[in-house]
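Common to both upcoming complexes is chain A, partnered first by chain B, then by chain C.
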Partner chain A sequence: MTETIRLAHGSGGEMTSRLIKEIFYAAFGGDVRDANDSAVLELPRGRTAFTTDSYVISPMFFPGGDIGKLAFCGTVNDLASVGARPIALAASFIIEEGTTFEDLRRIAGSIGEVSRATGIPVVTGDTKVVDKGSGDKVFITTSGVGSIPDDIDYHPRNIRPGDAIIVTGSIGDHGYCITALREGIDIKSAVTSDCAPLHGLVEALWPFGAHIRAARDATRGGVGMVLNEWAMQSSRGILIHEERLPVKDEVAGGTALLGLEPIYLANEGKMLIAVSPEKAAEVLDCIRAHPAGADAALIGNTGDDKPRVVLETAWGTQRLVPVPRGEILPRIC
Partner chain B sequence: MNRDDDKKYFHLMVERLREISKRPIKLMEVCGTHTMAIGKSGIRTVLPVEIELVSGPGCPVCVTADSDIDAFMGLARDHRVTLVTYGDMMRVPGSAGSLAELKAEGADIRVAYSSLEALAFARSEPHKEIVFLGVGFETTAPATAHAVKSAVAEGLQNFSVYNLHKTVPLAIRALLAGDGVQIDGLILPGHVSVIIGEAPYAFIADEFGVSGAIAGFEPPEIMAAIVRLAGDINAGAPRISNIYPKAVKPEGNVVAQGLLDEVFAPGDAEWRGLGVIPGSGLDFREAFTSFDAAKRFAVERREVRLHRGCSCGEILKGMIKPSDCPLFGSLCTPERPIGPCMVSSEGTCAAYFLYNDDANIVERGRP
Partner chain C sequence: MTETIRLAHGSGGEMTSRLIKEIFYAAFGGDVRDANDSAVLELPRGRTAFTTDSYVISPMFFPGGDIGKLAFCGTVNDLASVGARPIALAASFIIEEGTTFEDLRRIAGSIGEVSRATGIPVVTGDTKVVDKGSGDKVFITTSGVGSIPDDIDYHPRNIRPGDAIIVTGSIGDHGYCITALREGIDIKSAVTSDCAPLHGLVEALWPFGAHIRAARDATRGGVGMVLNEWAMQSSRGILIHEERLPVKDEVAGGTALLGLEPIYLANEGKMLIAVSPEKAAEVLDCIRAHPAGADAALIGNTGDDKPRVVLETAWGTQRLVPVPRGEILPRIC
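Moving on to the complex of A and B:
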């Protein structure tokens, strides 16, 4: 019989201990005998970045990743967005009664895998079990701390007129992959979620110092949402060019069919970078030289002091890129 | 044509339009799909100042009367039926809330992409009474007719239609005949024309001296329609042109027309903003009246007073711009719409709100 999670696994007793040991310690590493109520960290001097995020994606498993990998990478990328080097993560699980051990082991396993690959440990966590119908299989909350070098300050308030806007690769892959999966569109061809950690890519930009003005991973609401936030926060207009946006052919075709726009689709492994005009070309080369940024493109520039995002279309016309409203896809991350 | 040819053609059309534009011309795109395509493509930013585009009554959601929304919702409240609707209708506010709110209160309201989905519900849930909201013009009406005929063939007793289908040409006639409406040319709806063909538009040029061009939905196709209309207007030679011949045959889709004629007969229909237009509705013929939800459930429509200040009516007639409405962007937004023009994804106000068509576009290359 398939072994499933029962309410008793969340009771705090023997079954909870077994669950933690057999699933989580097995996946993340560490010694159960060292367990305590908090992990104790030694942080480098200087500023510390601290972030948290919850993951409720449906379906839990998708081409290119699963909810575990997503929860790990999402928090790593939030740290990377402020220029931090991730030090450690926490992961909390809310598990619905009836979830199989196999699914849970697989999810914890992919967290362990990306943790080992990046060298960023999961140092603390929690599990709760809710009765059937009160959740949907597995929800994960991850938190993370990271240290920021003294000369790094990534924030949209630093954006100045004429700055270049770079996206680190093709847009909309994650959102399209999940939507296509839900709509039953056959995507065995090529498009997988772009779910990936980006802290290495951002660290490669540290030498550019204050020439890098801002960075942000373009998750829910996609590139369109981040650019609108930047326009508001920097009080600048942003002009981007439709023909420079890196969009995979399958994503372009599929979104047209579904009535969606790649610019609003979630990404889980793409960063937007605002960079000074002087260093734009050099930064773009540097990003492209990194494995996570091979398809990076300079998509536009900032300009006047009217905060809005304008798209120059392939037709040479211009239109606003409005803040996405209403129909944003639910449970995309 | 490939994309590069399309672009060349588009720019050629833009150039041509600049050459021939000498005096102010007001064109109306009748169809909501055109409204959205124009907003999204940014075509207005390359038009000469002389050319003004206004939006017409061709968005099915926008022209749905409040009283019809109330009546449809009443079916769920009073008769506990299952309502099936196209998604766009969910958020349209009637006088007592929207279908989405009614659903949140626990009513069985479902969104479908086609009338056949509604029919499938009736088939698989024989204990439930399924009422489909038949909304749309000649484009969606044949699908409703087909569903009703299938229901007859299968002997499905628990399926009916709350029928709000309308036809486009008579609305255009009412619009052109109305007071205070100044339109020089019409961009005619491509999808509707696929069904009805060219002939039903002849009166536009013959009786009103206004030119019309049946157009597709890609930017070069829309631009070609504008150039054609500007040329005709300059020449003082009104005519109806079909510049979407790859999809629209002169005679239209004869099979679909036959289906419409078999199931429906012309009836009166109430259009928001335009009032009751005789003959512009599609009533069930005698043989199919048992599928008329309004009759089956003895629905009473009650007159509803429009929200004070809501200018959907004038906007649908191209008399004012959305930004001239006192509610636009303040009390009425896509999140909290008051009039249907702000709700529909094809609505004039939603297009203006989203793409800010009035102005605001930057100097070339210098945002």
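Moving on to the complex of A and C:
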């Protein structure tokens, strides 16, 4: 018989302890004898980045990853977005009664795998169980702390006129992959979710110091949403060039068919970087030299003091890229 | 018409921004123009406590609090359990489509209220929306960071033979209150959830240094579960005296009726403290002098090297207090 999660696994008693030991400690490492209510860390001196995100993606498993890998990488990337080196993560699970141990083990295994690959430990966590119909299999909330070097300050408020906007690779892969999966579209080629940790790529940019103005992983709402937030937060217009946007052929074709725009599709392994014009070319080379940034492109520049995003097409016409409205794609992350 | 949460509120676009601004920034303080993927903190030097917990309590509103206050206090108390002063919290919301703005505003308002009262800010967060039937109104995951003074090290591994066990007040109030509410029992007297932040109480014990061995808020699984964990983690037996357990009359009567034991019921504003025998009386006085600890009691001591919990009744007979098994009370926190 398939072993499944029961309400008793969330009661805080013997079955909760066993679940934590057999699934989570087994995957992440750690010892139940050391468990305490909080992890105790020795953080490097200086500023600390602190972030949290919940993951509710449906389906939980997809080409290129699953909700566990997504949750881990998402929090790593949120730390990297402020220039931090991730130090430790926390993972809290809300599990629906009836979820199989097999699914849970697979998800925990993915987290363990990326944790070992990156050397970033999961140091604390929590498990709650909700009755059938009050959840949807597994929701994960990851939080993280990271250490920011003294000379690093990435924030959209630092963006100045003429700054270059770089995207670290092809856009829309994650959003297209999940949509295609839901719509039953046969993904023939290599388009999988781009779900990946980007802290190494950002660390490679540390030597550029204040020339890097801002960084942001373009998840929900895509590149379109981040650029609008940056325009608003910096009180600057941003002009991007359509033909410079790196979009895989299959994503371009598939999204056209589905009536979606790659610029609004979620990415889970792509960063937007705002950089001073003097260092733009050098930074682009540096990103391209990194395994996670081979397809990076300089897509545009900041301009006048009208906080809006404008896209110039290959024919030279311009159109506004508004803040996305409406549903876009529910439960994409 | 009652305004309710729609899937579009979770899409990361314009409606998400509006929700965050109108509900969360309005309640917690903060400015959307400052928003970034991670909060940036200047933590005091020394060790940092880091913790996370998800809250799925049903019903969301109860006498003495709601899921928002519970989530905030729970994370504060997890930080306090390792002796830390809470510095900042993060709050991530998973909201079911159809949840009313009114409920959400009330929950966010509770968090804002306890945040202002304690001076502990909510510095970052996240909002996800799931389709109707894939969640249950509101789930909250709170995470926190805190600063641990250099001479403080609270961990069950420090527990030694003969140490005194103190509970900071009446046990089972939260668990009984929620159960009574679910069972439709009319709570006539003043039994409400004991949901409260305990960091101030723990800070008052800092001067006792290493005489305080361990602290733990006795939530899910109650005092019975924490004592069993301590017995296991310290490889020590613990003997407690039934007549010394502070239980409110109504909780004693009500739980007898429901076939529940107060020792296994969740508390949300009670700490267990293990303290050296030399300082036990002084620590008890100190706790009782604090507004959150007026009903504190010394309930027992650690003993031999058999890791188990034994309860001595008023008649002098002894029985084992095993690790709780089975469902106990689902979704109690």
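The rule is simple: the second predicted complex is superposed on the first by the 332 of 333 C-alpha atoms of A that agree within 3 Å, B and C clash if a C-alpha of one lies under 4 Å from a C-alpha of the other, contacts with A are read in each partner's own complex, and residues count from 1 in each chain.
Please note the rule applied: a contact is a pair of C-beta atoms (placed from the backbone, for glycine too) under 8 Å apart; a residue touches a chain by one contact, two chains touch by 3 or more.
Everything numeric here is computed off the predicted structure, so don't read it as measured data.
Legend: residue contacts after superposition of the two complexes on their common chain; A:Gly13 is shown touching chain C, with no touch to chain B.
In the superposition on chain A, A:Ala218 contacts neither chain B nor chain C. By the touch criterion defined above, A:Leu239 lies against chain B but remains apart from chain C after alignment on the C-alpha atoms of chain A.
Touch counts on chain A: comparing chain C and chain B, the chain ahead is C.
When both complexes are overlaid on chain A, the residue A:Val310 reaches chain B alone and has no touch with chain C.
Shared-chain residue A:Arg47: touches chain C; no touch with chain B.
With both structures placed on the common chain, the touch criterion links A:Thr302 to chain B but leaves chain C unconnected.
Touch criterion met: A:Gln318 reaches chain B, while chain C stays clear of it. Contacts of A:Leu329 after superposition: chain C is touched, whereas chain B is not reached.
Shared contact residues of chain A, touching chain B in one structure and chain C in the other: 325-326. On chain A, the positions that touch chain B within their shared complex are 237-239, 301-304, 306, 308, 310-320, 322, 325-326.
Residues of chain B touching chain A in their complex: 3, 7, 10-11, 39-46, 219, 334-335, 353-356, 360-362, 365-367.
Contacts from chain C toward chain A in the complex involve residues 6-8, 10-17, 33-43, 45, 47-56, 58, 77-79, 81-82, 84, 88, 90-94, 123-131, 133-136, 139, 141, 143-146, 148, 154-157, 216-217, 219-221, 225, 229, 232-233, 264, 266, 323-331.
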